[in-house]
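Chains: A, B and C, in written order; residue numbering restarts at 1 for each.
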Amino acid sequence: MGHEHVHEQITALAALDIDFWNRDFLLTWEHREPTLRAVLLAAETIESLVREGLSVRLFDGGLGVSIFRDKSTRTRYAFRAACSLVGLATEELDEGTSQIAHGETVRETAAMVSFLTEVIGIRDDLFLGRGHAYQQEVAAAIEESHRAGVLIERPAVINLQSDLDHPTQSLADLRHLAAHFGSLEALRGKKIAVTWAYSPSYGKPLSVPQGVITLCTRFGMDVVLAHPEGYDLVDDTVSAARRFAGESGGSFTMADSMPAAFAGADIVYPKSWAPAWVMRERTRLVETGGRAALDDLERQALAENARHRDWECTAETMRGTRQGAALYLHCLPADVTGVNCESGEVSREVFERARLDTYRQASYKPFIIAALILAARFRDPAAALEHLLQPPRTRRRE
Amino acid sequence: MGHEHVHEQITALAALDIDFWNRDFLLTWEHREPTLRAVLLAAETIESLVREGLSVRLFDGGLGVSIFRDKSTRTRYAFRAACSLVGLATEELDEGTSQIAHGETVRETAAMVSFLTEVIGIRDDLFLGRGHAYQQEVAAAIEESHRAGVLIERPAVINLQSDLDHPTQSLADLRHLAAHFGSLEALRGKKIAVTWAYSPSYGKPLSVPQGVITLCTRFGMDVVLAHPEGYDLVDDTVSAARRFAGESGGSFTMADSMPAAFAGADIVYPKSWAPAWVMRERTRLVETGGRAALDDLERQALAENARHRDWECTAETMRGTRQGAALYLHCLPADVTGVNCESGEVSREVFERARLDTYRQASYKPFIIAALILAARFRDPAAALEHLLQPPRTRRRE
Amino acid sequence: MGHEHVHEQITALAALDIDFWNRDFLLTWEHREPTLRAVLLAAETIESLVREGLSVRLFDGGLGVSIFRDKSTRTRYAFRAACSLVGLATEELDEGTSQIAHGETVRETAAMVSFLTEVIGIRDDLFLGRGHAYQQEVAAAIEESHRAGVLIERPAVINLQSDLDHPTQSLADLRHLAAHFGSLEALRGKKIAVTWAYSPSYGKPLSVPQGVITLCTRFGMDVVLAHPEGYDLVDDTVSAARRFAGESGGSFTMADSMPAAFAGADIVYPKSWAPAWVMRERTRLVETGGRAALDDLERQALAENARHRDWECTAETMRGTRQGAALYLHCLPADVTGVNCESGEVSREVFERARLDTYRQASYKPFIIAALILAARFRDPAAALEHLLQPPRTRRRE
């Protein structure tokens, strides 16, 4: 009969107590652990189907809508690839990136692009204090229109990066780690160093480190966070990470330098971000229109960054990791010293060695997004996947 | 076996004498009443299929091309949603919105985007005297290439808003009214007030009111049109409305104020538009390149608008409608006083009460477009829908 | 049983010794003649399937990615139409057209847009010495990621126009000639005049004439090339044409005027292009940022062009062709005297007579692209096509 491995995965998925149907996915910490496990397992199962050349066309018509309020190549592509895989056409809503929409406009637009839509992916990460709020507004508007009977179906809102979380990235990262180390269980007790790194640009969102520390702590990992003074993450995410670590039997600690965080680490994730206060001030200035003050803020932030040029992931700092061979993670694109900038997050040598690994890390994102669509839109995700095998159809007609 | 309601709708559709196969849909008044009834019924049937979770994938490959010569969110989305529902991929032709194309370019481009294309949706509403002409040019070019054997199939041109008509809007409006009042027949003798309303912007197309008065008069409705002096619609559409009213047993009358038009109305459609002479002058100035004169025209038009700030749909004006509870229509987005403008077409109170109704009104557009594609591209639309049930496939594989 | 003609075409296709699976298609002269014959025959077969109303949906999910580093309407559309026909969704990567990307960025981006992707179509024709190199970089990056196991499938890179070749155009042209004259064999000994023609614009790529002379010479045609002094094509392509002519029993000769080239020609292809040295200098100036020097170059090139206004295809020059009735080819859009320019490549009279023929010529491109996708992504293209008939599905469900 074949496809035994896929059947086993589906059986394991069916055993999980998922609570996600007809809901949104904005923050991983709003969802229960079995739901997160189900998404990871569904992603793995969908990948297996693809590797076996089978169709994953779960829908026969319908739309995936994307709203990008920031530039994106990787996530935009991953969303399209996932939609295409499961049988949804895509439509991108072009709102412009310069304005911070709110109120009536959001409510109305959300309804207008939801007829026949199964999923709405939103990236809104530029303005701290606004991105998650915007996604909540869209979700509330859809809920209202669905309850009123205006929408026949209720599309799921999926966070493709907000000011608080980047769940398709962090789940792809976790899937990558589980694949690399053998299983999700194998990650228990593994040490991951999430650290700030120098970049000659300013205004990078905080959502990646926030997403990673809040997710890895739920699966028994030892998470160490390090950043220069003043580059604190949003308080709530740090306290959530601490709480999760306590619950899962993992740990969450702080270190005060990259080498300290890297010491004995199995995995390192050195990446630049802006201080929360800079991001909040930027939001305020954009909303009040202070052009000159914005330029000042940028200058000030870059000058502050420049004081921390030593936060670079080099062969030297890597030497302190477990056996000098920690797995290097990056959400890409990285600022690589001597490649796309004079001085950046990572040395050319370290990055070049890890380059194909970072591509592999990225390769899981389409599967994570497809799994989120499956889990949000199908009451019984395991049955839907099983249905794909009755009988199996090849993706290539041959 | 189930789906009896859909079977009944298909049987009713099969009984209609449709004359639309391999033709275009540019103006409702170019089409016979049975064709319009068939489009409305097909839209209702497709909606039923969707509500029952069934696939409406009429095509297995093929393209829907859209050409937007004006900004659009709602109609662009509705076109994509409709194409996706029936199984067509979409491609948007980006011509820029600033130039008024004509001649060779149109003829050639039309052929170039028609290979393997089933439908071409065009919005060209900015320039009075040009939009419909452009759509005719595209249609003629396609007809020529099809006759010459260059095009294997003849894509249908569908008007997604021109200077004369906005048939996907007016048909969606009519479908909304039929759903609201119970049936198309139930609309006979219902009074609809189509009135101008104040807006702080200028240059809004005339196609919505023109589309509504020419369509509602064909189904026995009592249509009242009201606008300030000088805001006349294009003569031909007004005389068509008058003629249709005579033929259908409805009526078409003029009123000289919003309250007069609203008196006893079952339905109100207060909406801003520009005077025809302003739109014609704008076309002339754009074509002759008079930048300064265009600015003057805008100033003059806004000043004229400002004299009619009292044309606002308020709780007070609504009180005069039938039982003070007329159904409020708007094609969206509306200029809502105190929400997105200081003073606009409708008060916040009235709009908020009607808001979800206007979303519902908009929800019919994808089904109307899908029905137009069906009726234009299938020789026997009823048989094509019946085919979808032999056997029925679910849209979600579960 | 029906579809006998298609079965015969598939049988003929199965007999060809193709060597293209899991490879790229950047230059026709990198591929063996049986592969080119197979692409032409597959395109013809796919067209037959479409003419018989049958589905050509070879894929059930997957993406076609396009990268356009130059404006495009026709080729962009043809790529979408082909992808839609075979069942691939499309995604366009928007890089901007102003920069010449290289190095890390290309390598990383190529991997990022390749997960679940079957084909990547690239147009990069603006900068002589760069376009083909860029396509090679993308292909090498994909090959690397595929070998490393990062990509489950290896998407094929297809050249949608580079500085060296425009194979989807030249193959569509050849398919058009075969259809016009009855068969590929019937082209043996037919004379085609590929000549420069005057245009009031500068910077037109050389890839069309280069593509045509290198392809037609492989099938026994008599190819004559003519251009004003200084408008030489890239040396390698001319010497390849000469070599191919020798091998195929055709001929490749030069003439020094349009009338000389046209004498007795069965087919004429008069088209403007820029001198190779101008294109090379432009690349250098863009890369070194010499804005003023670029303006000088443009002025100089236009002045040089203007000395050759007499290179226009007119009724008079056409009179010298075989029976005064050579088939006129153009890749469109043409610069037509008195239509879209004062003085151009072809007179209004000649172009208007040939207009529908040029549309027909263009109509083959989607089929050529579909055939390239088939041949690159299916190990046994004939079996894949045969599979479409077991049983045949209609493209319209009726």
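Everything that follows uses one rule, which is that contacts are C-beta pairs under 8 Å (C-beta built on N, C-alpha and C of every residue); 3 or more make two chains touch, one makes a residue touch a chain.
Owing to the predicted nature of the structure, the values given are computational and were not obtained by experimental measurement.
Engineer: Given that chain B is a copy of chain C, what angle of rotation, in degrees and a multiple of 5, matches their CA positions?
Structural biologist: Here the rotation carrying chain B onto chain C measures out at 120 degrees.
Engineer: Taking all residue numbers at the chain A/chain C interface, are over half used by both copies (same) or under half (different)?
Structural biologist: The interface of chain A with chain C is built from mostly unshared positions.
Engineer: Per the centroid of Cα atoms for each chain, what is the distance between chain A and chain C, given in Å?
Structural biologist: 40
Engineer: By the touch rule stated above, which residues of chain C touch at least two different other chains?
Structural biologist: Counting only residues that touch two or more other chains, chain C contributes 57, 89.
Engineer: Write out the stretch or stretches of chain A touching chain C in their complex.
Structural biologist: Going by the criterion above, the answer is residues 50-51, 55-57, 73-74, 77-78, 80-81, 83-87, 89-90, 332-333, 336, 339-340, 355-356, 359-360, 362-363, 365-366, 393-398.
Engineer: Note which residues of chain A are touching chain B in the complex, please.
Structural biologist: The touching residues are 57-63, 65, 88-89, 91, 93, 103-105, 108-109, 111-113, 115-117, 144-145, 148-152, 377-380, 383-384, 387-388.
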